[in-house]
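Two complexes are shown next, each including chain A; its partner changes from chain B in the first to chain C in the second.
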Partner chain A sequence: MDILAVQFLNSIFYASILFLIAAGLSLIYGVMRIVNLAHGAFYALGAYVTAWTIGHAVASVHFSILFLLLPVGAVAVAAVGALIEPLLLRPLYGRPEEYLLLVTFGLLLILEDAMHFLFGGMPLTAGAIMDSLGSFPVLGLRYPVYNVLVIAIGAVAAALLWAFVYRTRFGVMLRATSQDRRMASALGLDVRRVYVQAFALGCFIAGLGGAIVVPSQAAVLGMGIDALILAFVVVVIGGLGSLEGALIGALLVSFVRTAGIQFFPEIELAVLYLIAAAVLLVRPTGMFGKA
Partner chain B sequence: MRDQKDKSPVSRRDFLSTVGVAAGAGIAAASGTAAYFAGPRPASAAPKVKGNIKDTPYKTGHITFLTGPANLLGEPGRKGHLLAAEEINAEGGLLGKRKIETIVADESAGTDANVKELRRMKLSEKIDLFTGVISSGNTPALGPVAEELGVLTLFNDGCTDFLFDKAVPNPKYVFRVTNIQSADGITSAIGAARAWPHAKKVASIQPDYSYGRNVHEHFMLAYKAMVPGAESVAEAWPKLFSTDFTPHITKLLSAGPDLLICGLWGGDYVAFYKQALRYGLFDKMKVATTLAFGGQPHAIGKDHPEGVLAGVHANYFFLHPGNKRWPINDSFVQRYYKRWNEYPSFESDGAYTALYLLKSAIERANHLVGGWPDDEAIISQLEGLGIDSPAGYVYIRPDNHQGYKDSAIGMTKNVPDYQFPVWDPKSVITISIRDITAPPNWPKPGQGHEESTAAANWLKTTWINNKA
Partner chain C sequence: MSLLRPTGDGLSVKRSLALAAPLAVLLAVIPQLVDAYMTQLLTYGLIFGIAALGFNLLLGYTGLLSFGHSAYFGLGAYTAAFMVKYLGVGSMELYILGGIAVTAVVTAAFGYVCVGYTRIFFGILTLALSQVLWTLAYKFFWVTGGTDGIRVAYGKMTLLAGLVDFTGPGSYQRFIGAYYYYTLVLFALCVVLMWVIVHSPFGKALQAIRDNETRARFLGIGVRKYRLIAFLISGLFAGLAGTLWVPLNGLVTPDIVYWPFSGEIVFMTVLGGFRTFSGPIIGAIVFNFLKTYAVASTAYWQAALGIVLVILVMALPAGIVGGLKQVAGAWRARGRGDGAP
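After this line comes the complex of A and B, so read on.
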């Protein structure tokens, strides 16, 4: 029983992180029709920037300030995204999609190397934040308080994102652009600006995922690639371009993965891919995707 | 390959090893130094070079992890290689003439890309030597290609038993410097059985690929032979290069084991121990590892718990042999630190020693045949060669081209002198490699048994029977 309770929390924790990555991926695809292979690197960059900042601040500031420094990684990644979209992606919008696939894949490799160059090969940690909160007992086991905070941030981010897309003026512009770019443009929307903002927002969410996960793990080289693969499973199941899909997909993938690890470790990964394959067969656009 | 060799009435090995004895004695007499060791030596100690040597560069190709979580192992390997090359070049190069040039490529590109890169290095860069390689997933693919291309190869890791048991059973060009993989699990088992002889319930967390399988199997075989009644109560198999281990940790906790054997390495181990710490795993069970101290020493923080059996892949830790008991290591650590501003890992020692093994073999071969020796002559001298390395005496067994040196393991401890945990000197044990590996010519898988490795068969037929 205690095991199931902790595994339940583990699953929601991981789902929060997966949702943040997959939501950004979906948002960017929904608005701009770009399958952003560099997205995992944005997640990793968020983790590195936050870990680096906290690592340098930890000796000199009170730990409550450290919590305020958590989002630094997300902001930095959003800024990087706001530069990359006009400089690197915009010139290729007239070309077939494969060009953008290649460019974002190249960007993934470049960002990986840039992080190696900037932050070195050593893992960076921000564990001080996590340790300041301690842990609480769950029926005989221990669970870190910080992980509950991550779950909360994930939930709040999901709610805010939904409200942002469906309840604000900017959300209307986003959805209009995603439905018909030419028409939106003809009606006087500055599509270029919407693109920059959507891309930066997608980057921000991914960076936020990295920023909040890093105190519980460590920023290590290649962490973005591990995350990207599961994020793709999430969006394939949920439907590329759909926020609800990202949420349901993240929960499904995370719970199935945890159940796999606990009960059937031999086929844990295979089950995830089988679910993705089954969804593709029944609904090729994913559970919430639109053709 | 083997057939061709056997056609001659006197095999190359027999012939040259006979000559080798005389040659070794000759060099010792000429130079006044009896033993070869890995490190720079005074000019007066250099053997006289026979014949004319052209001063063309000696090109080496080095594939290692330059990116990704395995960079924690790849980086020190590259640095060990470069340090040895710089030292040898400072003496004028190999045989005083041929400067070592190195081309580096990233192992993270994947097995297929590594194979293509090896071909490219040989065919278009015309490398004389291929070296490096960390992953056990890659050496079994690269080994056969190196044999096919006929490129002299000194792997410094990728130490799966499978390479010389199955993938390249009769190696000619391919050698490997660091210890064989089955020694990892057995070394940790001996360390654990000695430290916690009553730990019967054993859990295991391993990366889900050949290395993890190998550690799990050999650890359990050896541990069960030493600790009667030991049983496996839980297994966790995270994907290699994972970052979230919390479900695995919860599963391990749920089984209530006395002891955990952990084969995670590189960035995976760092992420694992940080999460395990917060879940209280280290308070609930003893932990033995095979690679906790496998990366750069400062990759592990002071938050790492003490009293964990920290493996170094059965190879080398920079403080051992320490306390001036092994001057070769003391001076190696000093030079390495001076060059790179960090301490070496077992990969540094492996890559460094690989080039000095090559250098010794070339000097011996030059003494025999004069001029620049061809690969055949160098290989004949590498087979059966033993030199003193920072880790201790390393010996290349002629039957399988595998390097052997005594393995060591110790407990983690925080001391004021270092910014990272090190081995508690009182806890370190050294194990004779001959006691934990299958002897020469032990039947390989498929030769009368179907175990995964020769070592597993050897363990089953000798250890357990001996005990009964």
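After this line comes the complex of A and C, so read on.
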């Protein structure tokens, strides 16, 4: 019973992170029709930047300041995204989608090595934050307070993102572009600007996922490639381009994974891919996707 | 310049042969001119060429971008490794037969599921299915050796039903030399086979499906069936390449089934030019040299390859062969223009 409670919390924790990655992937696909293979690398970059910043600041500043430094990774990744879109993606919009996919694959290779070059081959952590918060008792076991904070951040981010897309003027522009790019453009929307903003926003939330995961898990090389595949499973289950789908998909994947690690560790990942394949077969656009 | 273009006429057979014959002679004499290491690299290139050739039947001729061809390559490779580890088989021909049989069964099953979809859904579905195989290779370590993989020593293997073996002194050099020609013959067979396929009515039907699915359907082409057959052939080429790769590499690990390797196969094909018949072959050979030198000269070889890929997509989307054709075409047009009154 006590193990179950901790595993339940763990699942929600993973779901928060996974939702942030998958929501960015989904947003970028929904608005720009780009399947961004470099998205996992953005998540890893957010983790590295935050870990590096906190690692350098931890000796000199009070620990409450460290919390304010958490989003640094997300902001940095958003800036990188805002540079990449006009430089590398915009010239290819007239071409078949295979080329965009390939450019993001090239970008993935470049970013992986750029992180290796900038941050070295050793894992980086921001464990000081996690340690400063301690843990609390859960039915006789102890659970880190920080993980609960991550769950809270994930929930707030999901709510804000939803409000942003469905309740603001910018959200209307996003959705209009996503539904009919040419019509939106004809009605006077600056589609180019919407694309930059959407891409940077998608990068920001992926970076945020990395930034908030790094106090509890070290940033390591290759974390992006692993994360991308799980995020793919999430958006395939939930539906490419759907925020609700990303949320439901992230929860489903996290719970199946946690149960898998507990009960069927050998085929835990295979089960996830099979679920994704099964969903694609029954509903090619995912549970919440539209064609 | 249309000799290798898939829309060739009756003439193109002769012209293709005229171009292919000197290349075949060149490939046949190369090991006499270069050292064993170079020969080995070229063997890798030919093997990846077979995989890319098969991959391009889907991308270039059927219009389907598979992001899961690592699965079929890996099936061929792991089948051979299992035959060594669990059955003690030492004959290369048996590996190939076994690899083809296993790849055929799994590719048919995966293909049956995938060909109902196109565009990005096809890509993601092939990716997801290939990663099912990767997790199996990765997690069932007591069967597959996990990340340590399975060793396949060339010394215990024979070619041509036991006629050629590699024991005793100098065996490595003999292996590299013999294996190059072994691969070259299979490679040539694959090229001829693929050439016949894409120029056959079946190949033309695939191109019709690629260009306009609805029209192809109205013409009475069974789109789904044709795609499934193309998928199966494509997977079998990748599987054969995987089997051939094993003794040369000496080791099979789950990396060969992981999705970035599928990305490399796409990379090779686009590097050479997926709108041409010979593009994927050239791309595979060039990519293999490129990667080997990048790995040898810098720790950041991934970034180097990534930059090449980005520049390629930006500046040379038709690939090496496609780009050369454009240059040759422009040059010829200018020549004609000069000669006109």
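Just so we're on the same page, the second predicted complex is superposed on the first by the 291 of 291 C-alpha atoms of A that agree within 3 Å, B and C clash if a C-alpha of one lies under 4 Å from a C-alpha of the other, contacts with A are read in each partner's own complex, and residues count from 1 in each chain.
Here is the rule we go by: a contact is a pair of C-beta atoms (placed from the backbone, for glycine too) under 8 Å apart; a residue touches a chain by one contact, two chains touch by 3 or more.
Fair warning: this is a prediction, and the values are worked out from it, not measured in the lab.
S.K.: When the two structures are laid over each other on chain A, do chain B and chain C clash or fit?
M.R.: Partners clash after overlay.
S.K.: Name the contact category of A:Asp180: first (chain B only), second (chain C only), both, or neither.
M.R.: In the superposed model, A:Asp180 contacts neither chain B nor chain C.
S.K.: Contacts for A:Glu112 in the overlay, against chain B (first) and chain C (second): which applies, first, second, both or neither?
M.R.: A:Glu112: touches chain B and chain C.
S.K.: A:Leu269 contacts which: chain B (first), chain C (second), both, neither?
M.R.: both
S.K.: Should A:Asp190 be classified as contacting the first partner (chain B), the second (chain C), both, or neither?
M.R.: neither
S.K.: Just chain B (first), just chain C (second), both, or neither: which does A:Ala227 touch?
M.R.: A:Ala227 contacts chain B only, not chain C.
S.K.: Is A:Thr125 touching anything from chain B or chain C once the two structures are fitted on A? First, second, both or neither.
M.R.: A:Thr125 contacts chain B only, not chain C.
S.K.: Output check: A:Ile261 vs chain B and chain C. Expected answer is one of first, second, both, neither. What do you get?
M.R.: Only chain B is touched by A:Ile261; chain C is not.
S.K.: Of the partners chain B and chain C, which touch A:Pro284 in the superposed model: first, second, both, neither?
M.R.: After superposing on A, A:Pro284 lies in contact with chain C but is clear of chain B.
S.K.: To test your reading of the overlay: chain C has the stretches 145-153, 307-315 or 325-333, and exactly one clashes with chain B. Name it.
M.R.: Among 145-153, 307-315 or 325-333, the clash with chain B belongs to 145-153.
S.K.: List the residues of chain A that touch chain B in one complex and chain C in the other.
M.R.: In chain A, residues 112-113, 116, 225, 265-266, 269 are touched by chain B and also by chain C.
S.K.: Over in the complex, which chain A residues touch chain B? Could you list them?
M.R.: Within the complex, chain A contacts chain B at residues 2-3, 6-7, 10-11, 13-14, 17, 112-113, 116, 121-123, 125, 127, 130-131, 135, 141-144, 146-147, 213, 216-218, 220-223, 225-227, 257-258, 261-262, 265-266, 269.
S.K.: Given the complex with chain A, which residues does chain B contribute to the contact?
M.R.: Touching chain A: residues 66-72, 75, 108, 235-239, 241-244, 246-248, 250-251, 253-254, 266-267, 270-271, 274-275, 278-280, 296, 298-299, 301, 303 of chain B.
S.K.: Spell out the part of chain C that touches chain A in their complex, as residue ranges.
M.R.: Against chain A, the touching part of chain C is residues 59, 65, 67, 113, 116-117, 119-121, 123-125, 127-129, 131-132, 135-136, 138-140, 259-260, 263, 266-267, 270, 299-303, 305-310, 313-314, 317.
S.K.: Flag every residue of chain A that touches chain C in the complex, lowest number first.
M.R.: Touching chain C from chain A are residues 35, 37, 88, 91-92, 95, 97-99, 101-103, 105-114, 116-117, 225, 229, 232-233, 236, 240, 265-270, 273-274, 276-277, 280-281, 284.
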